[in-house]
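Report on the following structure.
Letters are used for the chains, namely A, B, C and D, taken in the order the chains are written, and counting of residues starts over at 1 for each.
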Amino acid sequence: MDLSNDKLIEMFTRMTRIREFDERAGHLTEEAKVVGSVHLYVGEEASGVGVCATLNDDDYITSTHRGHGHLLAKGGDMRKMFAELYAKSTGYCHGKGGSMHMSDLDLGILGANGILGAGAPIAAGAGFACKHRARGQVTVCFFGDGAASEGAVHEAMNLAATWKLPVIFVCENNLYGEFMAYSSQHAIDDVSDIAQGYGMPGVAVDGQDVLAVYEAAFEAVGRARRGDGPSFIETKTYRYYDHVGRDYGVVPRPEEEVNYWKSRDPIDIFRATLIERDVLSDASADAITQSVRDEVEAAIKFAEESPEPEVSALLEDVYTEVTA
Amino acid sequence: MADQKRKGKKFWAAIAEAQSHAMDADPDIFVAGQDIEMGALWSTARGLRERFGPERVRNTPLSETAMAGLAVGAAVAGMRPIVEIMFIDFMACCMDQIVNQMAKMKYMFGGKAKLPLVIITHQGAGTGQAGQHSQSLEAWFAHIPGLKVVMPSDPYDAGGLMASAIWDDNPVIFITNKRLLGLRGDVPDEPYRVPLGKAAVKREGTDVSVVATGRLVQEALKAADELAGRGVSVEVVDPRTLSPLDSETIINSVRKTGRAVVAQEAVRFCGYGAELAAQIADEAFDYLDAPIKRIGAPFSPVPFAPTLEAAWIKGKGDIIAAIEEIVPVGAPA
Amino acid sequence: MPGTVGIIANPASGKDIRRLVAHASVFNNYEKVSIVRRAMVGLAAAGVERVLYMPDTFHICTKAAAELDLPFVLEPVADTLRADALDTVRAATAIEAAGAAAILSLGGDGTNRAIAKGARNVPLVALSTGTNNVFPTMIEGTVAGLAAGAIAAGAADPAVVAPRCKWIELAVDGIGRDVALIDAVVMADGFVASRAIWRIDRVREVVLTRAIPDAVGMASLGGFVGPVSPEDDWGLHLTLGQGGPCVTAPIAPGLFRPVPIAAVRRLEFGARVAVAGPALFALDGEREFTIRDGEEASLYVTRLGPPVVDAHRCLTAAQEVGFLRSDITAAVQSG
Amino acid sequence: MVAGVKYRKAIAQALRDEMERQPESFIVGIDIEPGGTFMTNEGLLERLGPERVRDAPISETALVGLAVGAAAVGMRPVVEIQLIDFATVAMDQIVNQMAKMKYMFGGKAKLPIVLLTHQGGGRSMGAQHSQTLEAWFCHIPGLKVVTPSTPYDAKGLMVAALRDDNPVVYITNKLGIGMRGEVPEELYEVPIGQADVKRAGEDVTVVALSSMVQDALAAAAELAERGISVEVVDPRTLSPLDSATILESVRKTSRVVIAHEAVTFCGFGAEIAAQIAEEAFDYLDAPVKRVGAPFSPVPFNPTLEKAWLPGKAEILSAVESLIPTAPSA
């Protein structure tokens, strides 16, 4: 694994940005400062960052309703993100999308998506554009274990495999689809087992270890760039909080399970690794966390001070005006 | 008579030519769908594979969801896809991609997404294909902000609207009626366009406006011919684009004639004709001299038996009957 | 307890990154269920009274038993399921403590290494369901069950049919830290990350208990420069780098890489290979841990590994004492 | 105000008590076991047990298909699609299978299915979780569509839907799910296909759907103070539509406003307007006015969403446009 110290620190910083962003987003929801359904990525940071760290700026991803982490992993701007959470005109979607649709097309993000599995066919489409343009671009399709039940995911996998599209299907198996446990939704232990049925390699990796995810993604992306077609990576991870927001205890999860996963916190694991390798010290790691927290507060301030969208914007951007 | 019939290009050929012209001009245009490589089920892609090769003219696996998503993803990544869904009935298998993804991406994502794509699909009864291959569902798509919906009624409009649909930077649902695909008409050899959002007065008249869509335009023209012989002057207006609708042309026509018949092949209840009638009842109310008559199919799935299907499907006779109810008409010539 | 056999089936084997970086096969858990089911039938045929199994998230053993009317008691070993790599170690320890006569394992080198760490004295019937396995053998589940059953039934003497295997012990600063059954690999730099080894340019040294050309992985690499059989009372030490032969070896399934070898030496039992930190160790194909600058590790081969059942010898010995035979006359008549 | 029973509870009561009487009934969906996304199934698991109250993998296609198959062989499924937006994922099963099976298969298939789903904006849930799509289902022969506007109607229509041998698409409005109202404890039916005059009036008819009924009643109360008598008609069932009640009202008042939350263009209001323009034309004294949402996806921002959502104010101004002499308060 050829990772410079700078790259490792950047990955650590991005994971920390996700954690701090979503923790605050969760609190802001509870304080009723932001509206709508906010799906938190806390606990799953290694998955998004490990995958996105292998991508170039002009690669594409499709994301899910739990998309904040993907946006930050690909380099999202927290100010525009909080502004979108606050439904402000300065937000990524000018206040029209919200948490569930927060995306930056300039970063190659083709949606956070409110419909389970819907990103998969879109990823196939973007993958086709990548293949057609032959500039070595790839598309990553993030989806969850719940979405793995949806037909759209299966249909897109078949298309991508048949056409050998440069698409990497990344199933973030956080063990819950909404409030239903993984085992009540699937008869197989590893979602990645389905890949073989469509004619692509499928692997399961430790989703709490950002380097393990990185390594798998790096190889899958390499295959895609070489024209060897799609791959499937299952990152075994865990959603610390409820389906929506933080803990509402709608359906309590076994305490033992929660504790086990929290004992394998992706940021703690990575931090320990980097300190052991002398990439970071305790002090420098703390400094990163602190600077991210400062960034979060500044971004919240920016969001709070940003103007509401004008009502006259209501009917803007339904259609593109310019035509060829 | 036979010579007359062979004059001009067929509806499907006009569509294929429009695609071919556009593909000549832009290498980012590709065509995908089931059996597209052999020219598409209804021949609307005939010759494209030979001309543009396997990379740009592609068969897909049998998955409408994957195909529609393919169009969305490729479009947002900068291409200009044209994807065919063989039957509009099959659009039921990809409504999420059409309605929640394609139609909303631009609006939800702060205006950045540009989706220059065309979904071409085919609808209509009268081919003995029963309930799951005969529906007319244009009203669904017209109800969805973010989509444009076109429904040409003759070869010239088909070619011109296809060209405009391809070059439009928004998702366009391009709907043909299967029974129109063999219709011949004058179609230029060179590239041309029929603008989206512009209705056409297909025949001028003074006594009653028939606002018809798709195949019913041809039926209305026949009805107008026949009624002309009985002294009734019928104006036939074809919206051509169902969304955005050129309400002005329609309202002006009704204000002129004072009477309106709205005609569509789809099930009448909650069909597109209801929108047309509602707009007329609001905007042209003070000019109306008679109730607005609405023609559409009865409230049942499309039956298989030819006799039943013939009874189900609306046409010239129904239009004449409706006009007779609201316009004093002389005896048949 | 006489007549007790343990089953450890690793649900995570056969899924790792080598399906991406090499051409490794996929081994899904339904196949493992099916194998365990056949092994259970074999155990039943042998008259085993009690089967202890490692619980896992996929419930491999209970699913396997679900459609069978088994004559033995089937029990999970208590409180071992954490869904992590230590599950296997804990389960093996519990099975040994319960007095099992044999352990039947489904997994690769890594799974068996974990079992060896947990249970050093129970004869092991190792059935291959992993990726590039040297330690377990490709053996039909029915036969594996029968072999384990024969030991439990006393039809074969483990002292004869299950000799202890070699292993590599690894000590850090003089303190024993880990073991490997087949290979211990010293790598420069690198993180544990996804664990598997395929970047051969990162490998510095290799210590092997066996070096055989008809294998995949490090054992194969050794096999083409200095073969060592499981029976030989020594190991092999390779130092990679320029200066010696270059072997194009299958370092993973379907993946050949040219490997320059600077030095090859026979490693007598107890002879130490000293490794100065920083370094990363991969044991039986899995990157495990690192040592830092200033730390020193040593590797050495012994024959203190667990007893390993040779199914062929085991069942041959069993048939000599009439195993599975009850009434020859009746069998002939009915046949 | 805490008097009365919540809308969602009224549905839960109907499901609980009526399903108990129907041993072949079951309910399936996503997060059904804890009571459903909007708690419309609260208490069902306890009463009916895990065999009949079931969570399923997240696949709307599989869920609806399951209902069609089970119904076709004699069961009486209730299937919940959490949000009507997600019905887009199952449109083939709903439209090509569920709606047509009886007709296509010679009348033999009996499909007693209730498809319970929830729609509407106002909760800042963005464009994919806020749509109002009833018009689609009304356009499809073979489906019945109900949109109760009060807890009383919610319970009665649910009972009727459960007893009906046809697929019924039962649509609530998310914002109205907590509304309270008088609900009898016992089982009763509100007949499918019967509109309800929620308030009698003389000057103008407001035909309002679902959540807009409450807005229409509020508007009517306000207009009454200004001397304008508004009749509020709630179709309750959109398909089959009780046209007679609507037309009768319009023939009486001669003026009509049609109000729904869905996008106006090609919405259900167009159908009502078209019927009135054809069948009550000679009684009309003014244009037929429609109130609905503008032609855009539902925005996330609360201010924009509020501007998007039609409500009392839009009904008031539509009525005023028909009765220009009305003095403003």
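The definition used in the following text is that a residue touches a chain if its C-beta (ideal position, glycine included) is under 8 Å from a C-beta of that chain, and two chains touch if they have at least 3 such contacts.
Keep in mind the model is a prediction, meaning the values are calculated, not measured.
Centroid distances built from C-alpha atoms place C farthest away from chain D. Interface comparison, A-B versus A-C: the pair with the greater number of contacting C-beta pairs is A-B. Closest chain to the protein centre (all Cα atoms averaged), using per-chain Cα means: A.
One simple way to say how far apart two chains are is to compare their mean CA positions; for chain A and chain B this gives 40 Å.
Distance between chain centres (mean CA atoms), chain A to chain C: 37 Å. Note: centroid distance chain C to chain D, computed from Cα atoms, is 63 Å.
Note: centroid distance chain B to chain C, computed from Cα atoms, is 67 Å.
With touch defined as above, residues shared between interfaces to two or more other chains in chain A number as follows: 93, 96-97, 101, 113-115, 118, 151-152, 318.
Multi-chain contact residues of chain D, defined as those touching 2 or more other chains: 85-86, 88-89, 126-128, 295-297, 299-300.
In chain B, the positions touching at least two other chains are 96, 100, 107-108, 145-146. Shown here, the protein chains touch in an arrangement that is not a line, ring, star or fully connected set.
Chains that are in contact with each other form these pairs: A-B, A-C, A-D, B-D. The residues of chain A lying in touch with chain C in their complex are 1, 183, 188-190, 192-193, 195-196, 201-206, 209, 211-212, 214-216, 219-220, 223, 231, 233, 260, 273, 276-277.
Across the complex, chain C meets chain A through its residues 11-12, 15-17, 19-21, 26, 28-30, 57-58, 82-83, 190-195, 199, 290, 292. Partner chain A is touched in their complex by these residues of chain B: 26, 28, 30, 55, 58, 60-61, 63, 65-79, 81, 96-97, 100-101, 105-116, 145-146, 148, 167-170. On chain B, the positions that touch chain D within their shared complex are 89-93, 95-96, 98-100, 103-104, 107-108, 130-132, 137, 139-140, 142-146, 243, 245, 262, 266-267, 269-275, 277-278, 280-283, 285-286, 288, 290-294, 299-301, 303-304. Looking at the complex, you find that chain A touches chain B at residues 60, 62, 91-94, 96-97, 101, 103-106, 110-111, 113-115, 118, 120-130, 132-133, 139, 151-152, 155-156, 158-159, 162-163, 316-320, 322-324.
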